[in-house]
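Below you'll find the structure I mean.
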Amino acid sequence: MLREMLIRFRDGDITLEEAMKEIEGLRIETIGEFARIDLGRMMRCGMPEVVLAEGKEPGHIKQIVAGIVAARRICIVSRLSTPEDGEIRRFAEEKGFQVRYNERARMMVISTGARTPLTGGVVAVITAGTSDIGVAEEARVIAEEMGCRVCTAYDVGAAGIHRLFPALRDCLDAHAFVVAAGREGTLPAVVAGLVDRPVIGVPVSTGYGYMGKGRAALASMLQSCSVLTVVNIDAGFTAGASAALIANMVVDGR
Amino acid sequence: MLREMLIRFRDGDITLEEAMKEIEGLRIETIGEFARIDLGRMMRCGMPEVVLAEGKEPGHIKQIVAGIVAARRICIVSRLSTPEDGEIRRFAEEKGFQVRYNERARMMVISTGARTPLTGGVVAVITAGTSDIGVAEEARVIAEEMGCRVCTAYDVGAAGIHRLFPALRDCLDAHAFVVAAGREGTLPAVVAGLVDRPVIGVPVSTGYGYMGKGRAALASMLQSCSVLTVVNIDAGFTAGASAALIANMVVDGR
Amino acid sequence: MLREMLIRFRDGDITLEEAMKEIEGLRIETIGEFARIDLGRMMRCGMPEVVLAEGKEPGHIKQIVAGIVAARRICIVSRLSTPEDGEIRRFAEEKGFQVRYNERARMMVISTGARTPLTGGVVAVITAGTSDIGVAEEARVIAEEMGCRVCTAYDVGAAGIHRLFPALRDCLDAHAFVVAAGREGTLPAVVAGLVDRPVIGVPVSTGYGYMGKGRAALASMLQSCSVLTVVNIDAGFTAGASAALIANMVVDGR
Amino acid sequence: MLREMLIRFRDGDITLEEAMKEIEGLRIETIGEFARIDLGRMMRCGMPEVVLAEGKEPGHIKQIVAGIVAARRICIVSRLSTPEDGEIRRFAEEKGFQVRYNERARMMVISTGARTPLTGGVVAVITAGTSDIGVAEEARVIAEEMGCRVCTAYDVGAAGIHRLFPALRDCLDAHAFVVAAGREGTLPAVVAGLVDRPVIGVPVSTGYGYMGKGRAALASMLQSCSVLTVVNIDAGFTAGASAALIANMVVDGR
Amino acid sequence: MLREMLIRFRDGDITLEEAMKEIEGLRIETIGEFARIDLGRMMRCGMPEVVLAEGKEPGHIKQIVAGIVAARRICIVSRLSTPEDGEIRRFAEEKGFQVRYNERARMMVISTGARTPLTGGVVAVITAGTSDIGVAEEARVIAEEMGCRVCTAYDVGAAGIHRLFPALRDCLDAHAFVVAAGREGTLPAVVAGLVDRPVIGVPVSTGYGYMGKGRAALASMLQSCSVLTVVNIDAGFTAGASAALIANMVVDGR
Amino acid sequence: MLREMLIRFRDGDITLEEAMKEIEGLRIETIGEFARIDLGRMMRCGMPEVVLAEGKEPGHIKQIVAGIVAARRICIVSRLSTPEDGEIRRFAEEKGFQVRYNERARMMVISTGARTPLTGGVVAVITAGTSDIGVAEEARVIAEEMGCRVCTAYDVGAAGIHRLFPALRDCLDAHAFVVAAGREGTLPAVVAGLVDRPVIGVPVSTGYGYMGKGRAALASMLQSCSVLTVVNIDAGFTAGASAALIANMVVDGR
Amino acid sequence: MLREMLIRFRDGDITLEEAMKEIEGLRIETIGEFARIDLGRMMRCGMPEVVLAEGKEPGHIKQIVAGIVAARRICIVSRLSTPEDGEIRRFAEEKGFQVRYNERARMMVISTGARTPLTGGVVAVITAGTSDIGVAEEARVIAEEMGCRVCTAYDVGAAGIHRLFPALRDCLDAHAFVVAAGREGTLPAVVAGLVDRPVIGVPVSTGYGYMGKGRAALASMLQSCSVLTVVNIDAGFTAGASAALIANMVVDGR
Amino acid sequence: MLREMLIRFRDGDITLEEAMKEIEGLRIETIGEFARIDLGRMMRCGMPEVVLAEGKEPGHIKQIVAGIVAARRICIVSRLSTPEDGEIRRFAEEKGFQVRYNERARMMVISTGARTPLTGGVVAVITAGTSDIGVAEEARVIAEEMGCRVCTAYDVGAAGIHRLFPALRDCLDAHAFVVAAGREGTLPAVVAGLVDRPVIGVPVSTGYGYMGKGRAALASMLQSCSVLTVVNIDAGFTAGASAALIANMVVDGR
């Protein structure tokens, strides 16, 4: 492109001013390209943009959703409250968008077309108790939207550890594990001690009293001797996206 | 006694003033008895008095030790630093006392005579790692001085959980378990899930970073779903004394 | 059993495949037995399973309750909110289950039949103030379901310490004490200084301002010089179950 | 004074300019007086100025001490470390000052002359354990320098509560109580429940583990139901000065 | 009394058993007297008992109130919510009790008769802002019920420090100062620097963000160099009772 | 004035007592003037007084507003809740005041007349996300009322950093920057690294989990290596007023 | 194997007792296999065992090292202090072991033979400042021992962000990134926004004041909107092992 | 430059490849320029680069210093410990650099030549006590190196507020104020209430007990109603640089 422009300039097809303007444009484009790297990255890994609904008005959410779907063909809305979900869904369907709503995750996937094709990546999502399922589903939705197959094993801690082993056996082909747990939050370290795959712990804001609301879980995950990485309390999305990123890399082999 | 005194008074063996003085003495004795209950209790359970050496000068410690041994025949000095231990030992031996020093627990037992006879109570003391042994030994010393047999299993967490099961098998006749653990502190809950005996968790001040120094361990023990009670960080003495109290009760059958 | 099977195999009563299958079954049973230890323990101590209602939907609770009562004949639902309790009760009664509801504890005991027979174990439950009663009742319900007689002394701190002494006298045959206290939380240490029995402190989430919501109580219980173990803030269930476990052990004499 | 000046002006003894200058001086003096109120207050209650030695160089301390003693005839240096105390003492004695050093309080009183005469005010200083004595002595030194008689009862908690009652009986004529306690810090509330005098609690930075270093003591003093006021951890000086201020007021009857 | 009994026994007017029973009664009375000291103290200082309504049901409150008024002639109910106050008032008035309700303090004084006579004690209650008035009124109600005259100066910080000086001038005859302040909480230290009377700081739970809800105020009061004692966040009652106790002592001159 | 008074006194127009009274009045006026400095300062910088509506009743707010507008011609009410804003507005309009209400900032400006004339000062207000806008508008309202032109760039972080550069280019003539950010709060440091103007960071109380509610943002702003000053979480007003103060100083050139 | 044994038994080659013993052995092996899973996992990923030297005596360390090297051929000792490193090295060399010591990481790799062969996995280790290098080297040592090539870029934040871009370009073939940062800790989120690879943030315990010692860094990493996982403060080892695990998986393509 | 290149290309002086290479170079230069903005900014405001010596080895510091002085002609080393300062000074002097060392600030200014010429900007640096002087000097050194005249008033709080007013009068021509204070940290708010200039508060890590080490000071500065911005605890450098930036802007009038 630069080559052509220079030739057209040498050949007198464009003036000196026009050439300079085009080159200046390149510079600006350079900064822009530089700054837009993060968007590029997101697209390259197939990670859709996520809009946090919490603390935004429905009107505002609709406007953002419309913009993102137009530009990127897909948009995820997270932490939707019950009265709002119907309103956003109606808006999206009227626009002719596809809508998939996961109630337990409180996440809505809005897109112009069909589901992301499977990449071959496999992510396991495991929870200690039933209260951890909402956060786990957040991880599942994003991992599926990034093309991974997700195998889940919920409530393996609460009903006794004897449920953990069959669950792990069913997930043996997973490339990465997301393990959500509240209260004392020890399940991620237990899983990390049993599988030879990366494990990402998600502390869940359950538990009362001293260091409740997920803080004890965060603390014990960070203090664990296991090879385990951690995300913020209730940050199912970040854990799911990290796991899917790893799974897709393994499948790609690079 | 009261009866005899009244009869002696009625019979004129003692005067009105003498009778009143004796009755007044009873009142005072009552208050005293009331106030001394805690001493009585300690003696009844065979729990020796403990002097915390940390923050006291050697001269002061000697004085206290001499007083307690005189009154109670036994005294435990805890958290002794290395330069002091020799000095206290010499002092005690010169006085003709028996001295038993546990270096890892930094505790010295000073007494007028032979060891406490065995009660038949059995206490298990288990640690996750080798850094927890000092705190565990603190528990062991007091439980032994209260007449219990102590079975220990140290480092069962750090070297892999496969050491836990043989360890538990060896301790199956224990009446109570003291389990010390630092960092994420999950071992006490694991043990509480495997034995049908009271388990007392002791958080140990190891671990660095966020919620280090035993605080993550305390948090995860308190948040645990297991039936588990807890003592303060590094409070091996309290855990050992509680466990021995339970063990001796079971043996007594009341 | 293994011996008989081998003999039957040698004698041609069963085929090679049948013998191998039975031996494989033994292996699986071994893992299962290993993993099911925790359930076994619960059953051996007569500790019923507890379902935390908080954060679960009524439909979900019903399903879990039905499953547990079917398998274990008894199930406790804790932290029930007022609208839900009626719904769960109706569901349980329609199923023909026995229902006992303790409103102050917000706990419902659902079972197929009669009450647990008394073991002879005695647990004392004491509170400092009237605001601590809900937590104390949680301890009482579980201890009673574990077959203990529970003697209670509520509000002995708030109305003046002169109520503590008669209360303690009435509880002298208790094998273990649960003492619940909020604000500065000193009552458990006071009781531990007066009785020669294990005392379990329960911090209660009362009190406002600096270190309110039970944190000052937790701190002062952990810092206490008394021989005292502690559970999490408001963890009446854990305290009651621990105390009943001890009481039943003493009665059993092993 | 103002009156005389005006008369001298009217009589022509001073000029208009001189009169105006004097009145302007009054205004400035007014601001000064206003700003100096705190100094005046200190002097009125006989509270000497205190120099915190911690974090200051000996040379600097000497200079400040010399200045204050010159202006106020008395100065207290607090938190003196062992190597420094000799140096400050020599300096003060060379200047011809009186020096009184309390080693446990690490406080040195330096003055031009005799001790403060007794006001008749009586302050009781009580500690739970022997580790609290340094902080208690800080309270004692300032209360004595403010003219109060100080009655002390140290270690009444550590050696068993039966020492508390005789101690309180000996202090029945105290006008205010300073009670220092570390760990769970309950002694101030106990004392406040037994005497009808103002009680000031001083948390002491002893105790390890969760909320150690005096924070549990501070928390339980603030959460206490007793009528009790509190100062910062280790702030013996503030407690002693407050108590002496109250005692002196009661003696003055205003 | 003891003397007469003994004489009657010696003279045969009462039997040996009757004498022993009476003496035993003395012993019990002794313990009782010992234990009831706190009640005696409260009565001696004229400090009425206070019932915290927060977290209690109206029915329960009524029962407690009736009991206390019967025994002590006066009872204060604090932290009453709006729907409850009418119900408690009606109940009290139907019983023929006197009711005084302070809405800003949310405190109700219920008594059998006339107001406490004035002792001559004077307490100043000062607030930094208008949000601190509720807490200040809590202090005022209890101080007035203890017989003190209360002079108030509210909002002297918020409207500019120029209101502080006239306010202090109006309170110059106060024997003790209660100063309530939220946010950064510096007013108590300023007042303590201007008056030669005991000042009690009350942190108020205003302020948002870092260390909001009164914690910054508590911290700055404890860290202050002024001679100042402190109570818990929002603890207007404790501050008012302490100040009244001091004021009454000064008036009594002992 | 003083001069005239003295002359009138010398000439016998006023008596000695009258002269003394006037001079005494001067002294009092001096103290008053001294104390009122802060009011003077506010007026000199054109900073209007702000009434925090949160926690005040509408009636109370009206009274304060009327007083301030009478005295100062302008008053700002902040943190108004939705039901109250209409009531305050009606009250102000009935009084004939000008009312400007910024709904996102929840601030109402009430004045007797026209808007503050522009000073020439320019303040930039930038936010990372859309949830930070309320706090940013608080800064904008006060800066505008102090006569500054405010240029805003909202949501430059959330929609990708490529929006930051055009935004900064549009704000290149700003004299000071207010940058509001929640969650990890890094935008202020980024801006401080790109402009050679004072930057004031405002942590915003968004974000959940560990160190949520603006605390992580506050921490990272304080820890930043950039030359950046900070205000409390959500303290848009303080940031805006500081920035406007700087901007106006630069324009004044002194 | 089982089949053969059964046939040999049927054929009379082994007795009933021998058959039973072998089957029992299978059961035990089953438990053992079950319990030893974690060791197996470590070996499968080539992750060597790590001994934390901190808080252990040299004699103890030597004993553990000898045991592990005997069993596993390699052992890493971490957090070695300067006097100890020579002693451990001499011991290891006398035993004929290979010793590699990384002084900045304070880690010593002790093995029976040659270095781990390269797997083809590539890990990037990046630091914000020079103070973060020790923690980063900890990550590097373990990643190299797991067979990864490690590319490092240290101090890219401290010397200006212009060093970040060339650094990232040099690391474009890395499969996973470890990014260590202290103070406000924003570099990991910046890197995560620029590369399409998993990024693991390591907060480093630098920084003073509010939330210093790595806590602000931990908070901002957890709060970040980037797809980023986190380990404990200073936990270079865990981050390096996680990254190498991912890199090796990608190379293996499973 | 671009123009010339294009003309030379059109004229055949350079080939197509040469032209493309030059334009490509421009692009890279653009990114570089973009990334180097922060350096440019520092230079434009005359803010010298600062090297934190704490935690770096002397050899490392020398290397960095040599590099920066070569590139920028000036470099500041902060938080130098006593043994190191001599070594760095000798190194710098041997290199022929100018060295200015401020011992109280522990900062060394190393430059190739004469002092920064005065800009006319004036910064006031004020401290509450003598312990705050080190932090204040840090602010002074950087402000002076940025060309400001610095007027200081140290210890105005500790010796009584009457020293504040003359101090402020001496600083009336300052364009910005840095106010350092430890313990309860109220001086910055007091100063902000008396001057109509920007005030930057620096909490100082003095004070013990609850919220000691500068945290209470930070809290009260953030909670203050005054228009005040804040930096991290002990961050004298940031405060001084911010104040100098403002002062220089005012002098420049833009």
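A, B, C, D, E, F, G and H are the chain letters, set down in written order, and residue numbers restart from 1 in every chain.
By our rule, contacts are C-beta pairs under 8 Å (C-beta built on N, C-alpha and C of every residue); 3 or more make two chains touch, one makes a residue touch a chain.
All figures in this text were calculated on a predicted structure; none of them were measured in a lab.
Trainee: Using the touch definition from the top, list the chains contacting both chain A and chain F.
Mentor: For chain A paired with chain F, the chains in contact with each are G, H, in label order.
Trainee: Could you pull out the chain whose C-alpha mean position is farthest off from that of chain G?
Mentor: Between chain G and every other chain, the largest centroid distance is to E.
Trainee: Any idea if chain A and chain H meet via the same residues, over half in common, or different ones?
Mentor: Both copies touch with mostly the same residues.
Trainee: More contacting C-beta pairs: E-H or A-C?
Mentor: More C-beta contacts join the chains of E-H.
Trainee: Return the distance between the CA-based centres of chain B and chain F, expressed in whole Å.
Mentor: 61
Trainee: Taking each chain's centre as the mean position of its Cα atoms, how many Å separate chain D from chain H?
Mentor: Computed value for the inter-centroid distance: 40 Å.
Trainee: Could you state the distance in Å from the CA-based centre of chain F to that of chain H?
Mentor: Computed value for the inter-centroid distance: 27 Å.
Trainee: For chain G, write out the residues touching at least two other chains, lowest number first.
Mentor: Correct list: 31, 38, 161, 193, 209-210, 215, 218, 222-223, 232-233, 235.
Trainee: Who touches whom among the chains?
Mentor: The list of touching pairs comes to A-B, A-C, A-F, A-G, A-H, B-C, B-D, B-E, B-G, C-D, C-E, C-G, D-E, D-F, D-H, E-F, E-H, F-G, F-H, G-H.
Trainee: For chain G, which residues are in contact with chain A within the complex?
Mentor: By the definition above, chain G touches chain A via 37-38, 41, 44-45, 47, 175, 193-198, 200, 222-223, 227-233, 235, 238-239, 241-242, 245-246, 249-254.
Trainee: Residues of chain A touching chain B in their complex?
Mentor: So the residues of chain A in touch with chain B come to 158, 161, 183-186, 189, 193, 207, 209-212, 215-225.
Trainee: Which chain F residues qualify as touching chain E in the complex?
Mentor: Touch list, chain F to chain E: 31-32, 35-36, 38-39, 55-56, 60, 203, 205, 214-215, 218, 232-235.
Trainee: If you look only at chain G, which of its residues touch chain C in the complex?
Mentor: These residues of chain G touch chain C: 2-3, 6-7, 9-10, 16, 19-20, 23, 26-27, 30-31, 34.
Trainee: Which of the residues in chain C end up touching chain E in this complex?
Mentor: Residues of chain C touching chain E: 130-131, 160-162, 164-165, 206, 208-210, 212.
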